[in-house]
Amino acid sequence: MLIFLHTNATAAERAELRHALAAEGARGPLGALPIGAGDVIGVDAAAISELAKNRIAHLPAVNHIIPIKTAYKLAHIAANPAGTRVKVGNVVFGSRGMPPVIAGPCSVENEEQIIEAAKAAKTSGAVMLRGGAFKPRTSPYTFQGLGPQGLRMLARAREITGLPVVTEVMEPGMVDAVAAFADMLQIGARNMQNYSLLIAAGHSGKPILLKRGPSSTLDEWLSAAEYILAAGNPNVVLCERGLRGFDNHTRNIFDVTAIPALHSLTHLPIVADPSHGTGKRSFVAPMALASAAAGADGLILEMHPRPDEAMSDADQTISPETLRDIVQKIHAMHIALGRPTEDEISDAATLPIAQEPLSYVFPE
Amino acid sequence: MLIFLHTNATAAERAELRHALAAEGARGPLGALPIGAGDVIGVDAAAISELAKNRIAHLPAVNHIIPIKTAYKLAHIAANPAGTRVKVGNVVFGSRGMPPVIAGPCSVENEEQIIEAAKAAKTSGAVMLRGGAFKPRTSPYTFQGLGPQGLRMLARAREITGLPVVTEVMEPGMVDAVAAFADMLQIGARNMQNYSLLIAAGHSGKPILLKRGPSSTLDEWLSAAEYILAAGNPNVVLCERGLRGFDNHTRNIFDVTAIPALHSLTHLPIVADPSHGTGKRSFVAPMALASAAAGADGLILEMHPRPDEAMSDADQTISPETLRDIVQKIHAMHIALGRPTEDEISDAATLPIAQEPLSYVFPE
Amino acid sequence: MLIFLHTNATAAERAELRHALAAEGARGPLGALPIGAGDVIGVDAAAISELAKNRIAHLPAVNHIIPIKTAYKLAHIAANPAGTRVKVGNVVFGSRGMPPVIAGPCSVENEEQIIEAAKAAKTSGAVMLRGGAFKPRTSPYTFQGLGPQGLRMLARAREITGLPVVTEVMEPGMVDAVAAFADMLQIGARNMQNYSLLIAAGHSGKPILLKRGPSSTLDEWLSAAEYILAAGNPNVVLCERGLRGFDNHTRNIFDVTAIPALHSLTHLPIVADPSHGTGKRSFVAPMALASAAAGADGLILEMHPRPDEAMSDADQTISPETLRDIVQKIHAMHIALGRPTEDEISDAATLPIAQEPLSYVFPE
Amino acid sequence: MLIFLHTNATAAERAELRHALAAEGARGPLGALPIGAGDVIGVDAAAISELAKNRIAHLPAVNHIIPIKTAYKLAHIAANPAGTRVKVGNVVFGSRGMPPVIAGPCSVENEEQIIEAAKAAKTSGAVMLRGGAFKPRTSPYTFQGLGPQGLRMLARAREITGLPVVTEVMEPGMVDAVAAFADMLQIGARNMQNYSLLIAAGHSGKPILLKRGPSSTLDEWLSAAEYILAAGNPNVVLCERGLRGFDNHTRNIFDVTAIPALHSLTHLPIVADPSHGTGKRSFVAPMALASAAAGADGLILEMHPRPDEAMSDADQTISPETLRDIVQKIHAMHIALGRPTEDEISDAATLPIAQEPLSYVFPE
């Protein structure tokens, strides 16, 4: 169930509520997440009696309660039916306005390359920069990224272009180091159910781009997001990037329907990654348009100044010219479909992380 | 390999060519398909020597030869790089103009229902009517369609509205009976590799809507189309309708990327079926837009005057109002993307079936 | 629901029952199948009131009723909890004794080949011969089988070796022709939901080997079997042959767990096909043993006197020596597991087809 | 390529080799793994010229070189064609003798439960204890394990029964803590491509049980194993536990064919987990037998003294009685198949971790 708190609930009233929940056997994190109209607590109510629920509903801190049967609670659309906006620098995901486009190379290769790529991304209409410093690679013998050096180069590219930066983090112990440089942390498909990493990402308070695992159900994906939310971080953006498939004409099966399906299940914004979704350069543009038409709240595209020279994922990397064409077409389509333009969208702010630290620790 | 014939090749020259191919051990149908610039013959050249190929290339009937390594030949894009247009009544698939929308109920239920549905489809902007008379149903205990009665009702709805009709045929022995009433024959997903049915559909000469099997690769699908083409029928339209998936929020995984992927592999038009692709009414509109944005040459949508009362597939059936909204948005999007409007498209004609009957028989 | 008839129910009492069912709106075939302890009728009871069910339960023809909620009824284990034995010549599937092994080449290539193969199969311990005369091939340009000639060659091989023959039939119009030569009809994976073919196979009365479609659920598969059963033919054997997969080290994902899963759902015997299931010669022996250990009621193996020369499926075809080794090991394993040997199994007879013709026709 | 070192290669000669490789641009870890007949180095030779390879082949440290094109090198069967034996306490995986059975509850619930389970496992024929202290759970609101307390309880159960213990570790920072209590570390399916965790597991030197990701190819799985091997730890056992499926009668698709397929690709032992593979208690026994028949080098089974009371995975948990029956049948089957009994297997020893530390660090 979801417990919505009164906006003026005092610290003592909140503590009273948490104690009451713990006494009833509620399991999991019991801190309040500042999302939607006020602070919300997610609780697995399976073990709590109707009587106890009634008692809890009448505690002073509680505004109202909504029963939720899914495994995820805070990620459920009922927690914030108006939709959550996640702000990264001056970029807003979930505004329902013109969808922001993130672009950049698969890997940061050297300072010249990432700066050139960032400039090309900006000129072509992208509003945010992507680039891998730590690369999860199937084989230990392939290029694993430039690591900390790459982070510094990304920061330099941001300094020059003003574009906020998203980059991947691969282990809990590196979250702080990456968060020191990046504006948004990406959790990759291979790590979607790396729960230690999700919790660390939650504690960081940084906006998180959570990619879908290659054979993950929507419920599993939203439950993974719940780990981040439940750790106190409301700034989660989901990213569809394709499912394990059986046809060698594409790298993955790009599940575009996940976009409207998620919009019916969750308040979190959904970004589409047609680069990994298709794995082929010539399919990126049509599938970027398809994603936008289906209602994506943003796009993330692999772009390189000279795609054929990219050190990784060259097959699916587009040129700045293709990027510009995609951005222009998405804008034209957006207007033709009568969707709101950016001017009509009111200001959004990065959501604060939970006031009470929502730790998730094992009993000693 | 593909053998392109001179347009003025005589019957004797054509016969000479066929004999030469047979003598070299070429297997399969060796008739010429009137597709693209002239007649074309598809041949599996694996067993033919380079010397023999050279000899064949110099026969009087032969204009030029293009080597093709895929299992399908006539369906390969090289057979007609300009793209094939399939005409059904006055509806054209593959024109690259405004994509035609087919709409109608899952099943023909009675005469009033199908006539009402046809009128609603027309008013809402659809240009063709769908409706099942013979229904392939998972269980023998569920409604199997009205059969021949349903065909007559479809013909009556066409008479009243002028909309051409597509309906499913399920066995070779019924092809003539269904072709007598319908303007286009649908071969369903379950029958995609029902080769006897494909060959019979080929011999019918009617335009064919060939749905993709639920776990079929693109190559398998194009090879299934090849059976129809090789039987002499160039009027094939492919229909993506979703893959077997693992998530219960959608009925199938709707493979939108198949649209641009097929456009890179084949000259045949591709229609999208977001009704079966998603299985949920509220996902049909966004995925219809996504399909059109990805370049679909048409859409087929389950629509019922009162969706909740539909005898089959009610969950995925939209209302006439939703249909109208989809058609309008697709048109607006088409223009915004700078794609050609119908006026710019030159006339298309239904392609003739092959002059020489392309039979596919077993030696007695 | 399943309606079990009294063994001595008269024709008039049976007719009374059928009329009562039809009057209550029961849909589908309403003939009685001679399976299990007596004749059984399968009915979709969703539309029938509790009152009407009670009335039907007290009709003179009715012994007792068991409610069944699955889409399939006659295939449900409740229809014959002791398990159905399907007899083909003197071979019995479902006896729970030593599992019979079917072996032979993918395709009948010529008379010498099939006779040599049949002799090798017999010598190596197989008790039944397989071989394709009509071959469903992905591409129209590949060898499509010898057709009717192949059937005659199979009959000749049976005459010489005494081994009963199973071969594939691909269309309803060919069922009688193939049934005239074969002892058991195979319906291939591509045709699992070719309902016209299933019904024709049902009317033939011949034992049917029904392969699983490459992405079929167990419920869909049993519902396909239900079409055959509901058409009056109780002699159905299921055959697991692998699911569409994503790994190129095997041709399919061989779903061995389907064997115990089906044993919990249905009374029909289950045969395993590790040749198609794995697609690789060296995996056939271990997976044949695995299938037998999991409880398979038989095996079907592609074997060729000279595997590397096989015209089709050479990669997955084993030698007579490997076949002999497999049969010996399966026998040794069977005894070691304390399973009953053939001597302990009482006589089985081919089940009669339904006395009342169970037609499945559309209303005119 | 694989570089096999002379057994008496000196430290200086080894250093010379590593420098030569680095100078040629060889990427990745270049330490020698003590596996097979002697120490082996895995190198991605794509960037190394034939001339350079020849030069390297003649360095004093080098015995011989085998070219390997797969993404994994040290995991390739060519690195140790005789097969690697992994020893955990006195249990040996990969001996080709009687396959060891690991059993125990999904979760450690309390000290009494785990001790009772360990005793029941031992009495029933299991030789190793499993039990989760840190549980990766889809939802943050479900029981997450007892954590460090659970580890101490496992150690107590080992002390009493003598059974070695395997338990899961979920993050790099916890590897040392878990390794202090456990005899073997499990890396779960969700973490198969958690590369930081794989490298930490490699550095630990402990035997590792590496589960397959739910949609992982065999090549991806072996490449994940390669991360552990390349970090210096040769003691890796693979564990098949089922693939993401689409049928609700089983939890996963249990890929038994992976067992013989892996035996053809790698020298590492393969253990089967029919509990997670099937997800249903009644399918565990037949699929345990199937796995053993297919050649599994061991089994891991969820067993609880009172299965219905298990706090997690109760549906797939067997009783001690079922465990005993499985062990007895596997032994009987093993002998019937003529496979070697334990007596015939020579002594195995835990392989040492690499002498030179094989670190995998990013350049600063």
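Observations on the structure shown:
Each chain gets a letter, A, B, C and D, in the order it is written, and its residues are counted from 1.
The rule is simple: a contact is a pair of C-beta atoms (placed from the backbone, for glycine too) under 8 Å apart; a residue touches a chain by one contact, two chains touch by 3 or more.
Owing to the predicted nature of the structure, the values given are computational and were not obtained by experimental measurement.
Shared contacts of chain A and chain D, meaning chains that touch the two of them, come down to B, C. Distances between chain centres, each the mean of the C-alpha atoms, put C farthest from chain A. Per-chain CA centroids place chain B at a distance of 50 Å from chain D. Chain C and chain D, compared by their mean Cα positions, are separated by 39 Å. Among the residues of chain A, those in touch with two or more other chains are 215, 219, 243-244, 246. By the touch criterion given at the top, residues 27-29, 42-44, 71-73, 134, 136-149, 170-174, 190-191, 193-197, 214-215, 219-220, 223, 226-227, 230, 243-244, 360, 362-364 of chain A touch chain D in their complex. Within the complex formed with chain D, the residues of chain B that make contact are 244-246.
The touching residues of chain A, counted against chain B in their complex, run 215, 217-219, 243, 246-250, 253-257, 259-261, 264-265, 277-278, 280, 282-283, 286-287, 289-295, 329, 332-333, 335-338.
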